[in-house]
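Chain lettering (A, B, C and D) follows the sequence in which the chains are written, and residue indices restart at 1 in each chain.
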Amino acid sequence: MMIVMTPHATTEQIESIVQHVKDEGFQPHRSDGKEQTVIGVVGIVDRDVDPRQFEVLDGVAKVVRLSSPFKLASRQFKEEDTIVDVGKGVLIGGTEVVLMAGPCTIESKEQVDAIAPIVAQAGARIMRGGAFKPRTSPYSFQGMGEEGLKHLRIAADRHNLLIVSEVMDRSQIDMMLNYVDILQVGARNMQNFDLLKDLGKVRRPVLLKRGIAATLQELLLAAEYIMAGGNTQIILCERGIRTYETSTRNTLDISAIPVVKTMSHLPIIVDPSHSTGLRHLVAPVARAAIAAGADGLIIEVHNQPEKALCDGAQSLLPAQIEQLGHQIAGIAQSIGRRFQPAA
Amino acid sequence: MMIVMTPHATTEQIESIVQHVKDEGFQPHRSDGKEQTVIGVVGIVDRDVDPRQFEVLDGVAKVVRLSSPFKLASRQFKEEDTIVDVGKGVLIGGTEVVLMAGPCTIESKEQVDAIAPIVAQAGARIMRGGAFKPRTSPYSFQGMGEEGLKHLRIAADRHNLLIVSEVMDRSQIDMMLNYVDILQVGARNMQNFDLLKDLGKVRRPVLLKRGIAATLQELLLAAEYIMAGGNTQIILCERGIRTYETSTRNTLDISAIPVVKTMSHLPIIVDPSHSTGLRHLVAPVARAAIAAGADGLIIEVHNQPEKALCDGAQSLLPAQIEQLGHQIAGIAQSIGRRFQPAA
Amino acid sequence: MMIVMTPHATTEQIESIVQHVKDEGFQPHRSDGKEQTVIGVVGIVDRDVDPRQFEVLDGVAKVVRLSSPFKLASRQFKEEDTIVDVGKGVLIGGTEVVLMAGPCTIESKEQVDAIAPIVAQAGARIMRGGAFKPRTSPYSFQGMGEEGLKHLRIAADRHNLLIVSEVMDRSQIDMMLNYVDILQVGARNMQNFDLLKDLGKVRRPVLLKRGIAATLQELLLAAEYIMAGGNTQIILCERGIRTYETSTRNTLDISAIPVVKTMSHLPIIVDPSHSTGLRHLVAPVARAAIAAGADGLIIEVHNQPEKALCDGAQSLLPAQIEQLGHQIAGIAQSIGRRFQPAA
Amino acid sequence: MMIVMTPHATTEQIESIVQHVKDEGFQPHRSDGKEQTVIGVVGIVDRDVDPRQFEVLDGVAKVVRLSSPFKLASRQFKEEDTIVDVGKGVLIGGTEVVLMAGPCTIESKEQVDAIAPIVAQAGARIMRGGAFKPRTSPYSFQGMGEEGLKHLRIAADRHNLLIVSEVMDRSQIDMMLNYVDILQVGARNMQNFDLLKDLGKVRRPVLLKRGIAATLQELLLAAEYIMAGGNTQIILCERGIRTYETSTRNTLDISAIPVVKTMSHLPIIVDPSHSTGLRHLVAPVARAAIAAGADGLIIEVHNQPEKALCDGAQSLLPAQIEQLGHQIAGIAQSIGRRFQPAA
């Protein structure tokens, strides 16, 4: 950490800061420049300290962190890419691009039975489907719970698919471990720290979605919470951020993909369904994600979207996911990666 | 709800929408305008339906909601202001402006004992202090838990102060009911729907903070979750939203106060400490809040902010909160309200 | 336009609105629903009226526009794609994806002479280079002016390249018409209406960049200003919007591409250099743009970026633009389009 | 400026940066810390250099500016408050709070004649009224031009009022100097650098509005453009920024007032009309601005807002501006300032 003094800082102010640093148990390294004095703080671990603590002291212009506030999730800590092994030979973060697809929410046995072969055919290796739904309105459908997961497991197994599903509360984790291969943390829960801590204790991959107002640094700090508990199998997910533009539900931050690849070793996938919110925008954004280097996609697909209990408007039709699979295969190849539709 | 067709919509498309509306069990009301056809949907409760379900159909230009997505929280449902009775004669939402003040986090018995008389003296009727802290970094201090609440209760009682403190997880509610007069829901938890539902079952006032990326409509929908469970004693809190401007921690949305007063009957207070993040900005913003019509303030105060374990940089000094109390008294009077510093 | 009354609107209020509509010279079409009354306004052209004029009247809940505020730029007005013919067989908006590349700013004859063959080799058909630079700081390099354009024209002609360059003020238009094939309007000038009006009078293609806080609707309204003057040869450009995320200079709104394609018939290209601000992020975002359906790219390239007078950090190196050209060719093919690097 | 190396930077990388700094003509000051090396760059004026130029070099973690990018506008350069003398004894930035009020746009002689006594009565010392209107849509009313200014001048003089009016293009400056006492730069033109440079050459106060996506630092850089030309009589104006919240037209950044007071010596006023966009929100926000320490207000007032050609919905009624004047007087007094309604 470095404390930059204002050009007009008095000798007393500078010496007071130097003393303050010592009092806190750190070693000051004073450097008197032509324009201003800078005090390096040696021995400090930046992430343990609130820089504003020094910023409010008299004569201080600003405080600069030298190291990143997260550690385990950083590329500096671990240089090689993390590849998450989900099972059945499905690796996320390697050469192959991985497709997760399925309905927004599990509605019935018939529904997941109908959708599973569609997504498998399109090249998905992982099926999605919510059992607990975080709904903005208390009057919306709230999900089927455990019963839904049973249906999903049976449908997925029949087509050799793995399962990703959202855990909304820490009390649901144990039950969900019986059914799902990846525990998803939704955007609204990205900073539900009690949930993150509990997920640090399990040994099951976690799909961590970026909050709609979270910076990439905060996303990686949320990952750090889980990793600090010992669970390092984390897949990040960009799903759009909230901006002033209202023509899409959220604004997908496409640059997040190469930025995260620089900051961290963790894999990152993209959710084009929630970010756009409308069906006809999903495929262009999905293709863009792969072209930008995403390690996979999570996409909503429904066999009868006009009857869907949740987010039907953003669910792809069967023919659309199939066509998208073929386009993705071509794009992946153009940048040295691979995707294989079943057909 | 109204479905607006595009100017070029074909007769087939229009008739298909009309049929679709009937199939869903509603009654279509078709109106063929000069430029385009509009189909009113009678019998629908807007908040139960995702308008995008119709928006993706062929020939539809857009779908317009006629009623607000929340009900119990709306000014239309209840015209007169809700006044929350916290006890000991403290009413929030009436003529009197209410000050809540105290440390960011409870650090020790000594700390709360020192701060309680300071805030009481400045005119606070309610003392704040966190026992569980949602920290962006897993390496930051995480709070004293129940032990801290015991200290806070004793200190507060000694000065006839009520208590507001944050509940971070639904598992903490029962324990906290033993100590606190107002259960605070933090900005990160504004859409933790399981927590909101459980708070709907208790009969204790809830201070609901706006999420940093929440619209005012979403804030009121979160209130609706609690109210749908039967708990109508809700105090809303504006605490800054995330924007591109980085000179303050968040951007306090001062207009939210008159806007909420139009949309809802619930009282609204302001947290100038978290929105600004820096001590010297707290008083100007606090004064602005009262001038704009806020029903109260929640402010961080510390006797030794340079030693604070959390957010010391944004905590007011004892002399500052005292001065602020006097300024607020004058401003409140200018707009026909009241605030009474103890001295 | 439709005026939606509140559920509690009185008969007097409704009749007063009906009268008001008549007074304004329009024909009211009243429809009394179960919950509320809706008044259609017939004969109105929405874009001529500020809906808030009615919104503030007593008893009005909200006012809904039925038609879009722009006309000439809309897909409804002109269904088929506009293809801008820049000359020398270069068409923007057709099957072929068009690359514009070159330095941020023209620095010297030597510089543009060195860069022209590099971008031509990579497949660019159009060379970029600023003669007038809008700089946030008055202390930054402000551009070479007309002399720079002369150098650029000679260098470009030698390699059969067309030229795009920014016009910063209406007083520069006439002079620039002597040198450039596309007149660029920068993000800061997107709502410089006097400039837009003057560009409506020329018959030269205009590259209109989206302002960093402009909605897509406002971008199309800016295009409408130019088109209303009779110049319909407009190429839109997404170059990133300002959000709270600071890891990139701006946040590229990748969804803007398919959204604009729905709203308008105008071609749209992407500027990955200004949106990301850092060289290593340019190629991933450029690839994403093509995958999402952009009609072209405008990219900063420099032979010696470490010596660049402007934006060197975001300029691609010669080897990088060449490699990107090959990747784009592959991606374009995957979605049925074409791009041909020279080599 | 300081260049912070990554913890893993090699000796070669560090030495290469040191050499690069020397090659650029500056003096490196190397400091090898425990975790990483920091290289101070001595002799550099930060505002002349793009820090990203160093940021992209191998082994560099980040580059930190030590000084602010603006100089003349900074509080460091000039410690005492600037008080702008507009004439007729009206000082902006002193103890007295100054009210500017009038119609959005000048519509006719009758209109300004009717409004002038209303605003004078409410305590305004300066009358506003646009002659050239920047309209988002080309189909909206574009202003009366010079003829309007003549009417405004006569009406204002009759009530001893000064005039503020917007200059939209540099070609209008000379003409406007004949009529107006303060030249207003609108939000859309905050970075119209050619206009700013020309305003630097005149000796007439400038009201500089913050762009809807401008940071406070950028606002001060825009002021720096004018000041660098020799015109130091600048009044800043906060008028709301664009955020995701749509319940108001823009989000007024109330904290900008105390923040600007820290960063700069220039006075700052607030425009509550454009930020809120709706009449009933104007007064609460105006009161908040004064409570937060603003030096004045600029407010839209209309005698017949329902007939206004522009922004009628956000114009105060005569009775409203009068009541607001009295409230402001009380608030100003509470914080040691002064405002005197005429009555």
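Note that in this section a residue touches a chain if its C-beta (ideal position, glycine included) is under 8 Å from a C-beta of that chain, and two chains touch if they have at least 3 such contacts.
These numbers were taken from a predicted model, which means no experiment stands behind them.
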Checklist outcome for this item: Co-neighbours of chain B and chain D resolve to A, C
Checklist outcome for this item: If chain centres are mean C-alpha positions, then the most distant from chain C is chain B
Item to check | Which of B-C and C-D has more C-beta contact pairs | outcome: C-D
Checklist outcome for this item: In whole angstrom, the CA-centroid distance of chain B from chain C equals 38
Checklist outcome for this item: Per the C-alpha centroid definition, the whole-Å distance linking chain C and chain D comes out as 27
Checklist entry - If you look at chain B, which of its residues touch at least two other chains? => result 213, 242-244, 246, 280
Checklist outcome for this item: Residue set of chain C touching chain B in the complex reads 2, 4, 6-8, 29, 31, 33-36, 38, 40, 42-43, 61, 64, 66-67, 76, 242-244, 246
Item to check | Sites on chain D touched by chain B in the complex | outcome: 213, 215-217, 241, 243-248, 251-259, 262-263, 275-276, 280-281, 284-285, 287-293, 327, 329-331, 333-335
Next on the checklist: Under the definition above, what is the set of chain A residues touching chain B in their complex?
Outcome noted: 20, 45, 47-48, 50, 52-53, 55-57, 69-70, 134-140, 168-171, 188-189, 191-194, 197, 211-213, 218, 221, 224-225, 228, 242, 277-280, 305-306, 308, 310-314
